[in-house]
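Following are the structures in question.
Next, two complexes with subunit A in common: one pairs it with subunit B, the other with subunit C.
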Partner chain A sequence: MDYSILLAQAVLNGLVIGVMYMLMAVGFTLVFGIMRVVNFAHGEFYMLGAFTGFFTYVYWEIPFIVCLLIAALTIGILGMLVERTLIQPFRSDEMSGMIATLAISVIIQNGAVLLWGPQPRAMPDIVTGTLAIGPFSFPWSRLVVIAAAALIFTAFWLFMQRTRLGRAMRAVAQDTETALIQGIRVNYIYPLAFGMSVALAALAGALMGPVFSVSPFVGLTPMLKAFVVVILGGLGSVPGAVVGGLLLGMIESFTATIFGSLMSDILQLLLVILILLVRPAGLLGQREA
Partner chain B sequence: MRGFLKVALLSAACAVSSYSASAQTLKLGVLATLSGAGTAWGMAMQGAAELAAEDVNSKGGLEVAGKKYKVEIVAYDDHYKAADALTAFNRMVYDDTIKFVVGPLGSAPALALLPVSTENKVITMTMAFTPKALSADYKYSFRPVIPSDVFSDPQIKWVVQKLGAKKIGGLFPNDESGQQVGAANEAAYEAVGAKFVAKEFFERERVDFVPLLTRVLAKGIDAFELNGNAPQTAGLLVKQLRELGFKGPIIRTGGDATADILKVAGKDATENVYVHQPINTDSPAIQEYTKRFETKYKTPLNAFSPFFYANVQMVFAAMQKSGTVTDSDKVREALLGLKDFETLLGKVNWIGEAQWKSNQQLDAPFYVAQLKGGAAQVVAKCTPKVCE
Partner chain C sequence: MEGSSIATMGRDEPRLAPRRRLLPAAVLVIVLAAALILPQLTSNQFYIHLANLMLLNSIFAVSLGLIASVGQISLGHAAFVAAGAYVSALAALSFKLPPILGIVLAGLVTGLAAVLLGKILLRLRGVYFVLVTFLAGQVFTLIVLNWESVTHGANGLLGIPAISIFGLPLSTRLRFYYFALAAFIIVVTFVWALMRSQYGRAFRSIAENVRLAESSGIDVSHYQIVAFALGSGIAGAAGAAMVHYIRFLSPDSFTFNDSIAYITMLVVGGRHTMIGGVLGALFLTPLPELFRGFVGAQHIIYGVILLSVLLFIPNGLVSIGRSFFSKGSEPETPK
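And then the complex of A and B:
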C-alpha cells in the first residue's frame, strides 16, 4: 500500500468520525448556548438512537431513511419530556442541572443494560460494496454516513437561519431576557431546543450503528469527544462545533494511522491543549464579557 | 425457633442417609458458571454431565462391582469467581461428600480450589486453560478440553505452510491478556518461518479499527491473525478488513468465535477465513450429540460440551474397571489406564507428561476449518504435533 492510498484512507476515516463528532457536538453546544446546561446524558441519547435504528431496521425491515426519521422523532420527543420533567426544575441552578443530567445518563445506560443486555449487537450494512476509484477503495457504508450527516446538518442549519422558530432559538441563546421582552415564549423554546439537540445525537447514533455495532455503552466515546469538540470549537458556537468536529476526526484518523492507537489518544488531546493555549475561547468561540 | 430448626435438620439428615442407603446413589458434582457471562460454557459442562448420567440411569444405573448406582447431578454456580467457586467446592466436598466433579471452569477458580481437591482426593475435570491447572502436585486434576498452548503451534504451522503466508499482521487488546497473546502468537509464527510484521494494540472499548487496520495493511501483510480478540471484535475486524480491500486469508487461532464472526461480518466477508474448531461438526456422533443437547436445553451447543461428556464416560468406565465409586485413588489409576478409549470425539488418550509433568490432559483430535458460504468446513485434522 503506498502513501497516496494511506492518505486517502485516512482522510475518509477522518471524515466519517468527524461528521459523527460534528452531529454530536452541534446538539451539545446548542443546549449549552440556549439553556446553559451541560448535558452529560447526550451520549445516552446517541445510544438510544442507535438502538431505535437497530430495532426498526432489523425487526421491521423498513427502509433505513424511515428508521432514521423514527429515531429522530421518538428520541426527540423523549428529550422534550426529559427536559420538561427533570431539567426544567433546575433551570436557575447550573450545577444542579449538570448533576441531574449525569443522573439521567446513568439511569438510561443501566436501564439499557437491563433491557437489552450488555453484549454488542451487529447491525447489517445499509449498503454494501466498495467504491473503487483507481487504486483507492472506499466502502459505500462509510460514504453514506458522510452524505447523510451533511444533509442532516444542512437541514438543521436552514431551520436555524430561515425559520421563525430557529430565529427565536438564536434570540434566546443571545439574551434570554430581551427575547422574553420581544414576546418569545422561552418555556416552549427550551424543551424544543433540548429535543432537537438529542434528536441530532440519535441520528448520529442510528447512522453509526451499521458501521460499528450497537450496545448500551456506545454513547460513551462520542459523548467525551463531543465535549472536547465543543471546547475546541468554542462553547455555544455551532460553526465552532462543525469545524472542531471535523478537525478532531482528522487529527484522530491521521495520528492513529501514522503513530498507532496509543500514541493517537495522547497526541489528540495534546493538540487540543495546544490550540486552546493559543485561543483560550476555542477556535470560533467568543470571550464572555 | 432453634428447637424447631434442630428437629428439621435432624429429620432432613435422617431422610438423606436412609435414602442413600436404600437407592445406592452416586453423586457427580458440577461446579461451573451457571449465570452471567460464562453461562454458555457452564451450560456446556452441566449438560454434558446430565446427558452422561441420563445414559446410565436409563439402563437402571451404573453397574459397579455387582451393584447398580443411580447417578445424581449436584450443580453449583461459581459466578466465574474464585471465592464463590471455593465456597461451593467446600460444600461439595464436606457436606455432599462428592468425589468426582465436572469443573472448575475458569483459571482463577481452578487455582483457588485445586489445593483443596488434592487434599481431599477429589477428581476434577477442568476447563481452565492455565498451564498451572495440571501439575505433578495436583494428582486428581484432569483436563478434557484442549488448551491454546497445545493447539496453536500445529495449527499455525499448517496455516503458514498451506497458505504460504510470510508476513503476518494482527491487532490485540491493550491489556495483560492481549499483550500475552500477542507475544505468544508472534513467537509461534516466527518459529515456523513467518514474520509478524505488524502488531498493534488498542483499548478494549474501541470499535473503529479502520485507522489501525490501514496502518497494518500498509506493511503489506499476507495474512491477518484474530487471536486474543473477543468474538464480536473478531467479527468487526473481519468486516473492516474486507471493507479496506484486504482479500488475503484471515486466521482465528484462539477459542471458538465462528458464530459471531459470521453474524457480524456476513457471508461474503468471511470467505477465506480459517478458524480453530475443537470438534468435527461433520461427524455423525457429534451431530447426534448436538441434536440431543439442543433439543433438551434449547440453546446452541458450545463446542466444549462433548469433551466433558467423553470425560464423564471415561470416569464411569474407570469406576467399573476399578470396582469402586468411593476410592478416588483406584478410580484415578483405572482412568489413567484407559487407552484408545472410544468416544464421540474419536479415540482418546491421556497426554501431557512432557509439558506439565502430569499425564492428565485429554488427547483428542482437533480441526482447522475454513468458512465457506457462511458455514465452517473442516480442512485439516490435527494432533498436538501436526495438522494435515
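And then the complex of A and C:
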C-alpha cells in the first residue's frame, strides 16, 4: 500500500516536471530547427515568465489565466525584438549566434538580480485542495499545471499543423532556400518563431512559479534539462522534445525518489552522454546531412 | 579592408620585411622589460594581485583559444581548470606532493582526461560539442559537490600550501607574479611555436573547412584531440598554479560563469589569433574593479561588451590594432 502511494506520487511529480521540460524543449528545438540557433538564453525567458506571472498574480490580483496570457505576450514580443536586433546579424554564423545568446543570457539574469534582488520569492498556489481517488490524493495545484501545459502544447501543435503560418515555419525548418523561393518571408518567420519559442518558455516559467519559487536563477535548471531533452529526442525534432521531456521527467522523478536528487542529476547527464555515443542524432531525430 | 591589406602585404613583403620583423621585436623587448620592472615600483598589493589574475586569465583564454583554433568552442573549460586545481590541491594536502610537481601532475591528468573525453565527445561537431561540454562541466561540479569524503563538498579545501621553488616559498603576491609571468611566457611561446608548426597549419585548415581538410588527408579527429588535450592540459596546470596562489578551493571557485568569462576574453580579444586571448584577458580582468559596489553589474558589463564586440568588431580588439598598425606602417594603397 505504501509503495503504491509512493509510486503514484512519483508519477505525478514526474508528469509535472515532465510537461515543464516538454514546453521548454519544444521552444528550444523549434528555434534550432528553424534558425539553427542554439539559444542559451532560453532559461532566462523562463525566468522572466515566472517573474511576470508572479508580479501580475500577486500585485494585480487578476485571474491566473490572464497572467499567463500577459506573460506569453510580453515575453513573446520581447523575444521578437531580441531576435530582430541581436540574433539576426549572426544568421550565417552559428557559433557567433550561440555566443551572442550566451551574452544575452548573462545580461538578462544579472539585470534581474539588479532589479529584483537575488532572494527567492514564494508564490501562492493558484488553486487549493486535493483530488481523492481511492487511497490516492492528488493536489489540484499540480493537476492544473499538467492540464494547462497539455492545452498549451495542443494549441501550439494545431498552430503548427493547421495554419498557413505554421506550415510556413515548418517549410523554413526543412529548407530555408526553397521556402524563400515559394514566397515565404523568412525575415518575418524568424522573429515570429523566436518569439513563440520564448513565449512557450515564459508560459512554462509562469506555470511553475507556484510549484517552485521565483528568483533570477530559476532559469538555469530548466534550460539544462531542455538541453538534455533535445539531445534525448533529437535536436530540431518537436515530437522528440515531447517524448524526451515526459521521459526525462519520469526518469528524474523516479531516480530522485530512489537515489536522491543530486545523484539523479548526475545519472541524467551521464545518460545523455551515453545516448550521444550510441545514437548521436537522438531517439527521434534525423541524422544531419 | 582585410583583403586589400593582405594583397599589399604580399606585394610589399620584400621591401618591408626587415622593418616588419624589427618593430614587433622592439615592442616585445619593451613590454617584457616593463613587465619585469613595473611591479617593483608599486607597493600596492592590490595592483600586483590584479596583475597575477591578468596573467592567469591570459593563460586560460589562450588555452581555450587553442581548442577554438580547430573550430570547437568548449563551454566546460572552467571544469578542466577546476579539475587541475583539485588534483594538485588534494595531492599537496593528502600526499604532501610539492606544489610545483602538483602543477605538472595536474596538467598531465587533465590532459589525459581530455584525450579520453575527446575520443568520445569530438565525434560530435559544432553545436552538439558545445552542448555536451556544457553538460560535462555540470557533471563535474555535481561530482565535486557529491564526493564529500575526498573533495569536502561545498565546504571546500582550506590551507592549500603555496608553491615553493628551491625552498623559497612563493607566498607573497610579488613572488608569485614572477612565477606567473614565467608560466605565461612559456605557454605563449609554446602555443606560438605550435601554431607555426605543421600542427598549427592543420588546425587552421580544419577550422576553415572540416570536410575539405578531411578530404585533403588531414586526420581531423587526431588534430582535434591534440588541440583539446593540450588546451585542457594547460588550463588544468594553470588552475593548479592558481589554487596554490589563492590557497582555497571550493566548487564555486571555477564555475560555468568562468567558462563564459574565458569565452568573453577570447572573443573580445579576437578568437582567430593567439594573442587575442591575451588582449582580452588584459582588458577584461581589471574592468570589473571600476564597477565595484554594483551587485551583478560586472557580469552585465561583460555581457554587453561581448555582444557589442560580436556585433561591431567580430574579429576582436586584435583587428583594431591590426588595421591601426597597417595604416601606420604602410601608405594607403591605391585600388
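Here, the second predicted complex is superposed on the first by the 281 of 289 C-alpha atoms of A that agree within 3 Å, B and C clash if a C-alpha of one lies under 4 Å from a C-alpha of the other, contacts with A are read in each partner's own complex, and residues count from 1 in each chain.
Here is the rule we go by: a contact is a pair of C-beta atoms (placed from the backbone, for glycine too) under 8 Å apart; a residue touches a chain by one contact, two chains touch by 3 or more.
Everything quoted here is computed from the prediction, not taken from an experiment.
Visitor: Is A:M263 in contact with subunit B, with subunit C, with both, or with neither (first, second, both, neither)?
Guide: Only subunit C is touched by A:M263; subunit B is not.
Visitor: Considering only the touch criterion stated at the top, classify A:N13 as touching first (subunit B), second (subunit C), both, or neither.
Guide: After superposition on chain A, A:N13 lies in contact with subunit B alone.
Visitor: Have a look at where A:Q119 lands relative to subunit B and subunit C in the superposition and call it first, second, both or neither.
Guide: A:Q119 contacts subunit B only, not subunit C.
Visitor: Applying the touch criterion given at the start, work out whether A:T74 contacts subunit B, subunit C, both or neither, answering first, second, both or neither.
Guide: Once the two structures are laid over each other on A, A:T74 reaches no partner at all.
Visitor: Regarding the shared-chain residue A:M95, is it in contact with subunit B (first), subunit C (second), both, or neither?
Guide: Once the two structures are laid over each other on A, A:M95 reaches subunit C alone.
Visitor: Based on the superposed arrangement, let me know which partner A:T130 touches: subunit B (first), subunit C (second), both, or neither?
Guide: Once the two structures are laid over each other on A, A:T130 reaches subunit B alone.
Visitor: After superposition on the shared chain, which partner residues are touched by A:F217: those of subunit B (first), subunit C (second), both, or neither?
Guide: first
Visitor: Taking the superposition as given, does A:L235 touch the first partner, subunit B, the second, subunit C, both, or neither?
Guide: In the superposition, A:L235 touches subunit C alone.
Visitor: Hey, what residues of subunit A end up touching subunit B and subunit C alike?
Guide: 262, 265
Visitor: Using the touch definition up top, name the residues of subunit B that touch subunit A in the complex.
Guide: Residues of subunit B touching subunit A: 174, 200-203, 205-208, 210-212, 214-215, 217-218, 220, 232, 235-236, 243-245, 263-264, 266, 268.
Visitor: Looking at the complex, which residues from subunit C come into contact with subunit A?
Guide: Within the complex, subunit C touches subunit A at residues 73, 120, 123-124, 126-128, 130-132, 134-136, 138-139, 142-143, 145-146, 257, 260, 263-264, 267, 294-297, 299-300, 302-304, 306-307, 310-311, 314.
Visitor: Quick check on the complex: what are the subunit A residues that touch subunit C?
Guide: Subunit A reaches subunit C through residues 32, 38, 86, 89-90, 94-96, 98-100, 102-107, 109-111, 113-114, 118, 224, 227-228, 231, 235, 262-263, 265-266, 269-270, 272-273, 276-277, 280.
Visitor: Over in the complex, which subunit A residues touch subunit B? Could you list them?
Guide: Against subunit B, the touching part of subunit A is residues 1, 6, 9-10, 13, 17, 119-120, 122, 124-125, 128, 130, 137, 139, 141-142, 211-213, 217-218, 220-221, 252-253, 256-258, 260-262, 264-265.
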